[in-house]
């Protein structure tokens, strides 16, 4: 079995309204040394291992992330593959 | 080839779409033109000569609004249809789907208020030289409701420049006197953009709901001219 | 082996109930059976404390097709159409997890509506929280509850077009979230939940079953205390997208005549839904837990049986129709499993594959549930609190501190008075394009396409009045909804209620409950409004302290011709403002209408005094008159006097019309503050063109309803006796922005 | 400067409606070896380092996550601290 963790974040140049609100709230709680907060998505995918090569799997995940999980117009993604 | 025919609208239905009947009512009952629903699994339809992608929450708007709907089989039909010059209008969720499908440029972010917004807004018709807003006067101020979570239109600077060069911005949020300013921007959209078309001017996406403003009794009938413009365009030789 | 003696208590059963179970079974129950009894006999499912009293409601009438007893009540609106509605509480889940609690509350009540075969056309909600100022937790609850309601309803494409919100310390530890949903159906497509015909299948449609909400029904029937924190796993989460799909599937199945019965799954999941179906049809039922689609494979049979996973329905299906049913579910990509089969033994049997796990006589779970007649007694606070009234000195000292303008501004920007725009702008209240009177008016009005008709809805309940007098307070709640409808030209057809009270075992609480019910019965009788559905929520206490008794009433009215609709907004310069109705203000009556008023609470921090009086037959005449005036096109606006008194009523007509008014109130006989802010009942402020005054006056005289011209519409100022004189723009901004300001702080 | 990455996920026993829908979509795209998809949040917090001990920072982040970032009724969180 394979686990893929995909992290999707808004591109730097895009105003992150959710991040801003969280930042404000964090400050309100009393942590005023916060600099920035960015809000993103975290998608865990469990795949039945089918003896694909790392290469192949990466290609698949890239495809998925580009087409579905992230919108390349506004978002970046990165991921990690965990084997167990 | 699409012109000069009797208008026949196809209204797409995805799981989670919820404005399809509102569109149907306007076309069928108020405007008395042919229309039918098209299930998202369909791959072709030879009857229709205009497509409406109505509002709602296709696939719950889970992940990102419009993101999952674009994988429905019907979308390749929509793509072909648009490429052949057919009229496609995406309203609210339909607009989001068109963006996700890259039939229109840009993307939708969450409203900068981080809240769902349901209210009437004023819109300025920025262009009347296209099949969707030809029945208005350029500069006219019209009233329609918005009802969305993610209507904060984003496009990068280059994209924006292109939109402007080609007069692709059709509607902007404004106040009742037609001023386009931050106070009149309900959701944070770039330059108050409420609706845009593609370069070939046959695909139109807008966040406000024209189908919900077609009768005085609902508070406005300003939306009617969107559909009438389309009908005129199709019927014309 | 489990220790049955220990377990029954943990499941919330009482000793005598435990004995009764043994008697029904003729043996010791096993854990599964015990669990099933415990959920079926919980207050939530069995109404064991309230059943005896609820029987006395008037439940029949001119429009009633279906009274209480089905998933929701049904009213005939003519043209082979009917409306279906019900209100329900989700207080405890919302107090613990406001977003999901409110969302699943909406999901639950909507399922009740389409379980009748109706398409939901409107939702309303009644909310109660503690005061917002300076209380982050109350703000959080308010924010999340509203978001939960919005997100669910918006995704479903059902307009949330009305409701009410109040803030009072009494709800601080126990907020109230009551939701009402309304549907419309062709009369011949109505479907019932009764199971019948041995051999017919019981089919589960919708979401898979997980561990969520286990013991939720018992949780709802318990007070909130420290322990509720640790029982948190019983919170369910909602999936509005799934529900939207389930809705479309169910309506398609009914439309194609593929199912014989339909029942939603709410509290106590598969157990209560299937047992209720069997009980109503006087049949037995075999359930196979092995057939239930699960989210976690390791679930135990009892967990499967009582799980409260959301977005599931049970359908009764003839075996030959099952393939077609499956085809439709497949088209929509959702689960559809035959989990049971009707038998004629009268027994409820639970299997896992071939293995019989439990066997219970169906009727022992429903009709055989215990019924309690709790003791009741006038509570101690009562005489004390009611023997209070503001003295003339009190008013004078207030006027020494504040000007009339300042007092008015404070009233109009009280969270209990000001606009709830912040709330309803988060609700899609326009989808389906039938909302012809947007939120902010006296009722939500939904037109019926292709007819001239419209249906109006109003929700109301005043906990303060009920605290001061549960009987009168409940009457006023019914009357207020009827009056709200009348202001929109609607004739009341029927109502639903949601009765929110403390712990029924406490005699003082049960006294409040009993008196409230008597009040509703009385009001329904005189106003001729039958009760067609409802819900009871007990144990609304936190740390031993009960909320004010808060019966909420939701009433539906019929508008014959929607083109007559006027709204509450003043329209044109020089129109005349007229007060019709109860003229006690301008005489000296014994009850000054200040008891339990917003004014008293706001400036004297007190909820005390006499609940306002009401004369029901006068109210009925007034409401009829108002509808007649509207239908005859004689008036341009109508708005009733309620919380905040006549000053607020007139101001709201100005605000919504964006126009001022010059008002002159005769102060000879009483002080102006009292005249402006008392909450005496049965009063409506209308506006009309001068040329219609004579006709209006004649009609009032004919009905023996007092008629009083009190001013003129127009200008940019809101002016009362030159003592209050404020620019209308300033009032609009106070009224519209108060909540937003508090919430964004 | 400090970076904290907080990952918020729904508890195992809680219905993950978004995850389910995404999983169906992934299958539709043609990856039928997906077993499970869980949808969560990913919050990046940038803090001005103020020479607090690892201990102290952890306490703060725990507090934040509990009160603000995660809803303990239905969600779990974990985080990592990245110093640079």
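As written, the chains take the letters A, B, C and D, and residue 1 is the first residue of each chain.
Everything below uses one rule, namely that contacts are C-beta pairs under 8 Å (C-beta built on N, C-alpha and C of every residue); 3 or more make two chains touch, one makes a residue touch a chain.
Nothing here was measured: the structure is a model prediction, and the numbers come from that model.
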item	value
Of C-D and B-D, pair with higher C-beta contact tally	C-D
Rounded Å distance between subunit A and subunit C, as computed from the means of their C-alpha atoms	42
Where subunit A and subunit D are represented by their mean Cα positions, the distance between them in whole Å	10
Centre-of-Cα separation between subunit D and subunit C, whole angstrom	37
Interface hub residues of subunit D, defined as touching at least two other chains	17, 21-22, 25, 29, 39
Multi-chain contact residues (two or more partners), subunit C	239, 241-242, 333
Two or more partner chains touched - positions in subunit B	59-60, 62-63, 68, 71
Listing of all chain pairs that touch each other, if any do	A-B, A-D, B-C, B-D, C-D
Footprint of subunit D on subunit A - complex, ascending	1, 7-9, 19, 22, 25-26, 29, 31, 33-48, 50, 60, 64, 67-69
In the complex, subunit B residues that touch subunit A	63-64, 67-68, 71, 99-100, 106-107, 109-112, 114, 152, 154, 156, 188
Of all residues in subunit B, those that touch subunit D in their complex	59-60, 62-63, 68, 71
Touch list for subunit A against partner subunit B, complex	10, 13-15, 17-18, 21, 41, 68-69, 71, 73-74
Subunit B residues touching subunit C - in the complex, by the definition given at the top	15-16, 18-19, 21-22, 25, 29, 41, 55-57, 59-62, 115-119, 145, 147, 149, 209, 211-212, 214-215, 217-219
